[in-house]
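My questions all concern the structure below.
Going by the order they are written in, the chains are A, B, C and D; count residues from 1 in each one.
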Amino acid sequence: MTTVSTLAEVRPDEVMTIAASRLLEDGKVMFAGIGQPLVAAALARRRQAPNLTVVLEGGMVGIHLLPGELPASTNEMRAAVGAEMLTSATDIFLLAQRGCFDYGFLGVAQVDAYGNVNTSLIGDPDRPKVRLPGPGGANDIISMCNETVIVTNHEPRRFVERVDWITSPGHLTGGDSRQRSGLLHGGPSWVVTDLALLDFEEESRRMRLRALQPGVTVEQVRRATGFELLVADEVSTLDPVTDDEVRLLRRLNGESDD
Amino acid sequence: MTTVSTLAEVRPDEVMTIAASRLLEDGKVMFAGIGQPLVAAALARRRQAPNLTVVLEGGMVGIHLLPGELPASTNEMRAAVGAEMLTSATDIFLLAQRGCFDYGFLGVAQVDAYGNVNTSLIGDPDRPKVRLPGPGGANDIISMCNETVIVTNHEPRRFVERVDWITSPGHLTGGDSRQRSGLLHGGPSWVVTDLALLDFEEESRRMRLRALQPGVTVEQVRRATGFELLVADEVSTLDPVTDDEVRLLRRLNGESDD
Amino acid sequence: MTTATLPFPGADTLDARLELEGRRRPREPKTMTAEEAIAGFVRDGDVVAVGGTNHARTPMALLVEILRQRRTGLAMSRPLTCYEAELFIATGMADRVVTSWVGIGHGWGLAQVLREYVETGRIDYQEWSHLGLGLRYRAGAMGVPFLPTYSMLGSDLGRRLQLVEATCPYTGQELTAVPSLNPDVALIHVQRADVYGNAQIDGYELMDGDVARAARRLVISTEELVDTDILRRDPARTVIPGFLVDAVVVQPMGAYPHECYGHYLADEEAFTHYMERVRDHGSEGAREYAAELVAHADHDAFLASVAPERLAALRKDAEGMMPQ
Amino acid sequence: MTTATLPFPGADTLDARLELEGRRRPREPKTMTAEEAIAGFVRDGDVVAVGGTNHARTPMALLVEILRQRRTGLAMSRPLTCYEAELFIATGMADRVVTSWVGIGHGWGLAQVLREYVETGRIDYQEWSHLGLGLRYRAGAMGVPFLPTYSMLGSDLGRRLQLVEATCPYTGQELTAVPSLNPDVALIHVQRADVYGNAQIDGYELMDGDVARAARRLVISTEELVDTDILRRDPARTVIPGFLVDAVVVQPMGAYPHECYGHYLADEEAFTHYMERVRDHGSEGAREYAAELVAHADHDAFLASVAPERLAALRKDAEGMMPQ
């Protein structure tokens, strides 16, 4: 795992997906969305977590993840054929509410210092500048899964002090505010970016830098973050991505045949 | 329908089942229990109501009703094979709660002047003299179906002023008491016995004699009723059971092969 | 007692039940054309629940027939909404959207027409969580005016929707109270049904079992009309009992250009065709596309306008993916 | 805020969830003997949810193994209860019953042992409506502490159970609040499962999908152990996902003498055998019958004690009834 990839042009999104996939433990259950989360799951299944069960919001449980044929939607044939169970879309979220899912994975348009996520709108909620797709399953995932991993490019416009709209609740205003809102479970545990791995400080629940992607400095992360970032006492460096990981990732994405 | 049966020994329970079956209209949906209700349904399906849909508490919808092979339980293979839909036991009652079922049919250990039904216990609820099977689906059926037909032998020990225990709510203490309890739908509409057909007077919601089985007198019905019975201004006489009905009933019950 | 007012129809299961009691749907043949079904069961101002999600089992033939007959003041309700809603917004037939997500997929990104109408404040856009909308349908299906859930707690969704809390009378725990939704009409596309409306869905049911139960009026379209005995062979697959159904429209490829599990994949070329128009002409492009669709006499005429080998390929690919 | 106290465990989904978070059930082979499964997952004082109803898919092999190992202070929870509960009452292992109905069926009338114990006040008997108990499981499965329903309003059931009302915060309507039930352990018999516990039920699911989701611990027995690929051919039939399951016991005819849809009918002779003992000796007869059952080393030994042609006939009759 410590062999630096010698492959030309490892892209930032590849580094991020690989870092996210490494968080997934074997035997667990992951509520995945389309795109990066699903690729991270497929990667983990072929490496450290062959018994990871992947669940989709369309009601699929234990889906097949074939290289080059990952589904383009959580609600389509490719996502369902080969699943171990198909249930209704509502019932899959009720399993989340019961506490059956170890991980949720979310992308964001904005995330704030307390891990609150916005995928709904930019600007004034009454007359948004940009109307975005909305929560889909994200509000439920971060409210109900045992922990939620946020995966996103690290940019100041995404990392903001307060999101314009809380689509999906993180630690709200920090401290025990999430619990006080009635959300007694889960919440964001990790934020994985192309620059770093971050968590949330135990007391304040503010985002905290824990580890850097190889070659990245703390200052770089600070500059890419639009709020005052906590930094752990010891900031480690993540293992560099390996040739094996990158090759496998590209094969899963249908970008190569080897 | 006015030909008197010439068959020897038409039993009181046969007269009652036939009278109940005549209430069932074509195209409707009936929540049936095992025994008399199911036989009444099978009879109606072969006579005036070929498009009657029969539902069972085991989750079966649109069941087959084969002569001599009527199921002995609402939760067994014979009740399920040939059904048009199988769903969960809870979901079948939720369809009742939604308002999908035209008729429920109930038997009773006791029924009172307001159509409250007891199938739970005789005596003191804290230390019953006789512990009976309990509601099964009956509480839900009478609470949720659009109307409920009570079918029972007419005996003073069954027709009591107040039941020992309200297993399944009828019109409670009469008037609008059922509505005031939060039960906004349905309730008992008819009581069919071996002696008579009864309904519930519109204002008081007390049980009222509407029609007599052939050969029965009002006085006979009064004597068989353990509470003061209302009598409609005009009491008619039910059409006598016909040979066809009796023969078909016995064939359905597996008592004859013709 | 304290009661809240909702910004949108809901929590009216009691009325929905009374409507059902007053208008039974007896067991009788219910097959009719899409034209008859829409004329009979879809009215101006309706809350329309659209079956399927995103590009799965979208009841396209029925939706386009609404466009053809024109309705006004519709609300389109669907947990994951695709471009079908944009056709109703752009043509002015819908002024309300109830959803948890809107997107086109297939690499096309944001829904541009919806953006335009929301950002200029021309439609009411009601954003629910996925489970929140799912439980609205479920409450409607169960015949209760609300259900408790953890969904939407702490977020801006519940605040904007003016949702109130449901307090557990045993524990004192406070959860979100989701109000029931009994749509005025639901349109659902299925793989097979009999003349009475007993219907089976293969693959993913999504929310359609609940939508069918919740709906005040229900029109289904089906790939295949089968004898009831076919349904009896696998009754656990019957998701919609006939007594819920008002109309059965037999329409092979009735979800095209969207997909239907086991029958055909979505036609990405059709998405491209639509999105290029929108990219080039904005909502006017969506109106042009809708005009093209309604110019066909019916869905069969629309299908006949597509290259047969393209349709055959979509069917072949879907059939080839099925488990053996 | 006002909170009510329940006369019985319930409305504790929060605790059930914390227990689940603290004890995950990773995907790994979970096959074991009934002896190991009961030893590992059934404890004194448990609320035991028994799968199936009446004489359908009763998890007999697992239940008799509990009798064999002996437990005390059990509560038996099942919507329609048959004689299996009487074995636990008569042997003093269960002192509580949660049900909507108890009866033997097959023309045998009332459950005499249960009558004796209830009428002499020796057990706690909790009578719910059928839907009431179903919604207790469903609330537990949904992870919410209560659900609203019309069930039990106006009757003596809710009054005696000390149920309180759930007020709709939108309409003010008052419904019964049914408290969740997350049984300590559930036992469910299914037609097929893989080593991870992914399980399919043929025919009528009854309440078992909810029971499995609600349970704090879950033991399934299966007629057949199959490769996961077999389940993938018809994934909509998978009612129990493996991540809910603690133990998989492979036990052909595991519901005998009760029925298992598609595999075998109930053995009426066995009912007669039991009921004649009870008729002649009351609850002592039930203890004798239980002693006979536990004298067999395991369920296979019990089956071996039955005339093979009798078992073959039950199987043949069931198979002959299946839709073609």
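By our rule, a contact is a pair of C-beta atoms (placed from the backbone, for glycine too) under 8 Å apart; a residue touches a chain by one contact, two chains touch by 3 or more.
Fair warning: this is a prediction, and the values are worked out from it, not measured in the lab.
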Between A-D and A-C, the pair with more C-beta contacts: A-C
With chain centres defined as C-alpha means, what is the inter-centre distance between subunit A and subunit C in Å? 29
Roughly how many whole angstrom separate the Cα centroids of subunit C and subunit D? 37
Any idea how many Å lie between the Cα centroids of subunit B and subunit C? 39
Return the residues of subunit C touching two or more other chains; collapse runs of consecutive numbers into ranges. 14, 142-144, 149-150, 165, 173, 175, 203, 205, 232, 236, 323
Can you pull out the residues of subunit B that are in contact with at least two other chains? 60, 80, 82, 86-87, 94, 97, 144, 184-185
In graph terms, nodes being chains and edges touches, is this line, ring, star, complete or other? other
Output every touching chain pair, sorted by label. A-C, A-D, B-C, B-D, C-D
What does subunit A use to touch subunit D in their complex? 26-29, 51-53, 60-62, 64, 80, 82-87, 94-95, 97-100, 102, 144, 146, 184-185
For subunit C, which residues are in contact with subunit B within the complex? 13-14, 16-17, 20-21, 24, 26-28, 141-144, 198, 213, 228, 231-232, 235-236, 238, 241-244
Per the touch rule, the subunit C residues reaching subunit D in their complex are 1-6, 10-12, 14, 142-150, 164-173, 175, 177, 179, 202-203, 205, 232-234, 236-237, 323-324
Interfacial residue positions of subunit C with respect to subunit A in the complex: 52-56, 79-80, 99-103, 105-106, 110-111, 114-115, 118-121, 125, 127, 129-132, 134-135, 137-138, 149-157, 160, 165, 173-176, 203-207, 209-210, 259, 261-262, 265-266, 318, 321-323
Footprint of subunit D on subunit B - complex, ascending: 57-60, 72-78, 80-82, 86-90, 93-94, 96-97, 120, 125-137, 139-140, 143-144, 165-169, 172, 177-178, 181-185
